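Each chain carries a letter (A, B and C) given by its place in the written order, and its residues are counted from 1.
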Amino acid sequence: MLPALVLLLLLLCLPGMAGAATREYWVAAAPARWNAVPNGWDAIHGTAVDPAATVFPTVTYRRYTRGWRRPARLDREAGAGRIPGPLLRARVGDRILIHFKNLDTVARRRHSMHFHGVEYEHGSDGAFIPGFSGPGAVVPVGGTFTYELRAGRGSTGVWPYHDHSTAMDASIAGGMYGVLSILGRRERAPDREFVVAFAPMGTLQTVNGRAFVGNTPVFSARVGEVVQWDVIAMGSEHHTFHVHGHRWRGGDGVPLDTRTIGPAESFRVRWREDAPGAWLYHCHVENHMAQGMIGLYRVRR
Amino acid sequence: MLPALVLLLLLLCLPGMAGAATREYWVAAAPARWNAVPNGWDAIHGTAVDPAATVFPTVTYRRYTRGWRRPARLDREAGAGRIPGPLLRARVGDRILIHFKNLDTVARRRHSMHFHGVEYEHGSDGAFIPGFSGPGAVVPVGGTFTYELRAGRGSTGVWPYHDHSTAMDASIAGGMYGVLSILGRRERAPDREFVVAFAPMGTLQTVNGRAFVGNTPVFSARVGEVVQWDVIAMGSEHHTFHVHGHRWRGGDGVPLDTRTIGPAESFRVRWREDAPGAWLYHCHVENHMAQGMIGLYRVRR
Amino acid sequence: MLPALVLLLLLLCLPGMAGAATREYWVAAAPARWNAVPNGWDAIHGTAVDPAATVFPTVTYRRYTRGWRRPARLDREAGAGRIPGPLLRARVGDRILIHFKNLDTVARRRHSMHFHGVEYEHGSDGAFIPGFSGPGAVVPVGGTFTYELRAGRGSTGVWPYHDHSTAMDASIAGGMYGVLSILGRRERAPDREFVVAFAPMGTLQTVNGRAFVGNTPVFSARVGEVVQWDVIAMGSEHHTFHVHGHRWRGGDGVPLDTRTIGPAESFRVRWREDAPGAWLYHCHVENHMAQGMIGLYRVRR
């Protein structure tokens, strides 16, 4: 009887134990020439957008292969990889090592990575505090630093990461932020995961660094799939995330279809898809919609 | 024994089944001459308000009798009917048909209705998307469209509706929005229901299109009544809804007396009235209070 | 058997009954010369701040000994006492008497106290409403008023209080606000309680009336202690409260490390401290951080 019970307990625990792992990511701050409105067009208002105001040099987080040998492929389905940076995935219980290299040979600024939601010792905080912070807060051009993080029991969810070095203000304005997505120990992954990062860029209001329908990510799903939206905001403004034709429940069980999000806040929204069509997702702040913070979500049968 | 059980089950289910219905509303986009400060006075600061800046032509949603024969009476107790438009009520399980007619013979713009919180097929979305949207997104002057909605299990609560056509920005600035209020299948209706729509109009900050105490709605209740506040916001700013002398619990059970609301967000607040007096309700953003977003709530014994 | 049961019930109830009390506070609106940046330095950006723009006369709430005989000592651990005013503590079930005196002999304005979260009769509302409010809303220079409050079952939490008299706008801009902290009837007090009041002062964004690391409060705790953050916001802007290296759960159980707070909203956050180091706490609105809304939290082993 007792051995059977022990075996049963072991079998119950194994899937969780098997999930715990050390995850390693190689990331660099890398120069990029960015075009926030590639098609030069605000389709909703039917007006042209001047490319002179929407193409500019910047520095963003980019995922690399082991040892920063070469850039890794982008996560196009999630709409991530350049702005926002790589979607970093883990599970509660995981140890996460982020190997960071500063390749900013253009602006030649010091950079760092500061992670929300995860546990770490003070040395991995990545935030510049005169007199208190260490090398992880001010990685010089050409330098490297490994941030050691743990996904604890209170880390389930989606979280921003961003530069918190001396040049933080300029870095964030240029798109130096990304998303951590952490599943519970035994939580099932969604079928589709979409990253929505609301942030201003100059006079534009962008989703993932792009403005206006046709430039912002077109997310896709099929009826029956479980979709997850990873929503963050960066900058100095509050937003309201809205998806047409869909509703979800907040953590308190109250139905929602629009939710406020302020700078560095984050939340995830899930549903099983049941509404075919070409839907809008957007920030519902009217000025932000008009300045480009809007995109398409296509659901096929 | 069995027939008795069946009968009992039937009796238990009947009230809910009886609640399910098809609700039809006849609504038009109708021109109006609007006065945001009818008494020309900011009573709290004791200053006159120039009528030249507060009276203007606009277009709002208005409820009509069947077949748009004549305007229906306004819902004065709830403070709704012109700005915001009619308070549209339903219950979970209901089918809702909104017969919309564009009577905007003044600005002669195309208009639509986009509903939050409810379920609908793509054709009833009411939002203009070049290449994807249909006739319900761009109803021409003189034209009609019927939006077919369902109040699903995730539709309980209060929700905004608003123009989402090509002229959406100007329409919302002029007051083209309203509130849907959906009760649970067997939920008891409140004794009093008050609509509070926070939105800017020009340089004013309004409640239901009016600014300053004495112009904004005066809501009334008696001790012992269950009162419900239907709060929405439209425009480009975030607000905080506050009622003096009262508290309520959020969906998570935490006591509140002030709550953030951003554009197109919505929530309802309920309590059994126990505090007689003449109370203020207002947006607690200081500038918004000073620009008129404040009113009176009178509770009698 | 029965007498034993009655005795047991009595013993169980006594701690709660013993907690109910009448708490009296003596508070005055008192002139002060305030320096928002005493060290004249923005340490994060390494720039000097002009004292001409950061030192000014103002009026704040200050706690006094019984009968307003002399100012009481400040609550330095909580970072309260001048801006924000005294941290007023109570428990659910308590009656709270706030004896207020207007000592504003400088600006010579009428003042009041309006309390969030607690129960009171209309006469203790403290808000000026022409035609409806009484003497508690407009206490003249040299005058006094006693606000009679009750901490009800829906009063657990932290709440702002502030001037709501005719000069409310100027008073709040000058720092005339404070925090009420109300524990549940039998709730254990935290080991450390920190007040964080986000509000603008001129062009600065302040925590407790101070701007920039080294001027804003330095909060301190030790590993193993239960710490509580009492967060409020005043003014016209929304903020996001963030503490580095820590997470907590919202009322709905969802993990957070950043949370939106708008004018007059308030919440408390608790955790058992387990992360030694010198951490930043700040508003995550980027412009607000840059304008001073940031401070240090030191955790010792």
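Just so we're on the same page, a contact is a pair of C-beta atoms (placed from the backbone, for glycine too) under 8 Å apart; a residue touches a chain by one contact, two chains touch by 3 or more.
From a predicted model like this one, the values you see are computed outputs, not experimental measurements.
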item: Chain copies touching (chain A, chain C) - same or different residues, decided at half shared; value: different
item: Chain A onto chain B, rotation angle from CA fit, given as a multiple of 5 degrees; value: 120
item: Whole-Å separation of chain centres (CA-atom averages), chain A against chain C; value: 34
item: Residues of chain B whose C-beta touches two or more other chains; value: 238, 250-252, 260
item: Of all residues in chain C, those that touch chain B in their complex; value: 114, 116-117, 119-122, 125, 127-130, 132, 152, 154-157, 159, 166, 168-169, 172-173, 234-238, 250-252, 260-267
item: Residue numbers on chain A that touch chain B, as the complex places them; value: 43-46, 213, 238-240, 242, 244-245, 247-255, 257-260, 275-280, 284-288, 290, 296
